[in-house]
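Chains here go by letter, A, B and C, matching the order in which they are written, and residues are numbered from 1 within each.
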């Protein structure tokens, strides 16, 4: 190909080539297409991650089975899909995702797996907040009122796929929405009891923007440091000053950062180290946050405990 | 083999067999080293001379046969020069003072008498004033003098020297040989592994010619004759490195 | 003038965590630098890094037995490192193989074993991340641990100075006079493991090995003689720690690497300008035979 040829010619040829290459993986998935509807097995709903999977489980009739690609205690941000995941998708009756850019890997995985059915976006219709990695904060489930929207979207999506279950879906969703509403009231009550000025925490994961907006709590990020790298003394000093200056009362430890460092900082700044906050995934079965409702209850309880403890003297 | 049985022996060997790296290096050696005399141990390369000295000096523990000597005998053993790390940052005085280990052990401090002994030893080897120099700064000849000073300080009755004059200048060799004669004068027993046969003829009245098996042992003039030397060379060529250790006595 | 003083002293005055980090670094230098000197002299300079990997199977075993319990994992790590060190020492004493080779062999065995044990549990958790601390996070317990280990090390080295030097310099001679060569050798290895493992936990592997070895390698370009070398190494380590912490504070750099890099700069300066065999100092000094 010489440079003298018109640009359109080059573009078209390379485009065709590129399209052929990208389609290759899809061709390898062709044999899977034949198996998309295995006879006799229960219809599978594959959710992208555990929180959405739990919501679906609550509203879906028993005849439908639900599984999650990113399970409890796992991080959807660093999820690396395997061929086994692709196979599960291929055999799914319905795929449910969070949306808002949370699952950066889902589009490619769906394409590769050859799944041709509908994809329900749980957060459809929600006006997102700013934040996150791509300018949009995807953690909309951290607001119970937005979670109502999730439930509605999921119900509608399931009903479209399996109209025969419409009635049951409506009933179960209504009951679930009722529980969400009750919990929402309780959370507002508990947090409302704490003076506004005291509702300040620092957590290293920027996943609580919606919670902060909905329940009027300040979630600060530790200024100017990433938990994955070793911090500078300046960053530690700055955080201690920030905590003291802003009257932050509680620090919440993510299990990826250095717990000893957090302890040191909290001790020196006179703040408390709270328990674990669950942001992006349910805990393992049997843990304190193995359903969405329990997750919310746990987070709120832990937050309240951290915020109402007497302020310790700085050491 | 002639045994100098009419002289007192410092060390008597009974059918000594010493292995080195799994192969017998000294085969069935019996005899006696004359007390208060200078005995040279000579032989072809690989003849087991260093191994013999190692066994005598307590550096090699595993051997068959018997080494008979007075249990209270103080021994000084100077291994081949290559075994030392000359670059280790240790001062000349400290090296010589190591010879007093038997007296002061791990923790004792040097009294003034002992300090004086170290100084005397340094003077005897011609290194007065070298006390604070680092061993690594010295030439090979000077370093060897330091080691001889250490032997002096050890005040041993049996002195074992493994190739003490290897790659040493003639002046140092002459000075250190004089030291050997002084030791003989003090009725100490000296056993030295050497390569220079002229040196042996000139200085040592007894010689053990070894080619793994003993070839000859006795007065130097008798041992170092052409027949014995030829036989030693023959035996060296006949060494079979793969042979199993032999069971019977020579 | 006062702003310069403020810059140097202020961070330590204002923040307890800076003070702790400083004291921890000084204590670590005090205990580790002399051992580092001995390692350098015995041609064992890479052993420190090997030890960082040797702790893995012990930590993994502790994890498998007791879950995420820091005491269990620490104890396991210490035992594993000790086993590697003593095994290597044993091989060195009883075969012609030297210590650098025997250490390499055993630490690799330990590392592979550790990786295997970790994979049995199938957890994504990074055990080593849990086990190794950071200098800014030194708490009372870690500080006490380092201080105690440093004290014991200095005391032991002073006590065993003579046989240690003998064993390093002329083991054949020590053997011939019936000295405690094996005991002293093993004692050195135990001290090495104690220093390294406690430093790993308090401050991470980079700082532990860095502060042990770099000042020791630099000291040789200023003085000779073991006590002087150890003293210079301790000084370089403590000074680097101080400077490194200040740099981390004022220039926003991660503390561990910063401290070790300052040590590294000290080493490079020593190689170039050291009074004893420095590469450039020979040119800078007027040749003796031309003076006067």
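The rule we apply is simple: a residue touches a chain if its C-beta (ideal position, glycine included) is under 8 Å from a C-beta of that chain, and two chains touch if they have at least 3 such contacts.
Since the model is a prediction, treat every value here as computed from it, not as a measurement.
Enquirer: When you take the mean of every protein CA atom shown, which chain's own CA mean is nearest to it?
Expert: C
Enquirer: Name the chain whose C-alpha centroid is farthest from the C-alpha centroid of subunit A.
Expert: B
Enquirer: Could you tell me the distance, in whole angstrom, between the mean C-alpha positions of subunit B and subunit C?
Expert: About 41 Å, centre to centre.
Enquirer: Provide the C-alpha centroid distance between subunit A and subunit C, rounded to the nearest whole angstrom.
Expert: A distance of 43 Å separates the two centres.
Enquirer: Mind checking the centre-to-centre distance between subunit A and subunit B? Centres are C-alpha means, answer in whole Å.
Expert: 81
Enquirer: Would you mind listing the residues of subunit A that make contact with two or more other chains?
Expert: None at all.
Enquirer: Give every residue of subunit C touching subunit B within the complex, in rising order.
Expert: Touch residues, subunit C against subunit B: 41, 96, 159-160, 162-163, 165-166, 168-170, 172-180, 220, 224-226, 229.
Enquirer: Within their complex, state which residues of subunit B touch subunit C.
Expert: Residues of subunit B touching subunit C: 21, 57-59, 75, 77, 79, 83-85, 88-91, 94-95, 98, 101-102, 106-107, 134, 136, 150, 154.
Enquirer: Per the contact definition, I'd like the list of subunit A residues that touch subunit C in the complex.
Expert: Answer in residue numbers: 224, 229-237, 240, 258, 260-261, 263-265, 268, 315.
Enquirer: What residues on subunit C touch subunit A, complex-wise?
Expert: Per the stated touch rule, the residues are 11, 14-18, 21, 129, 133-134, 136-139, 245, 248-258.
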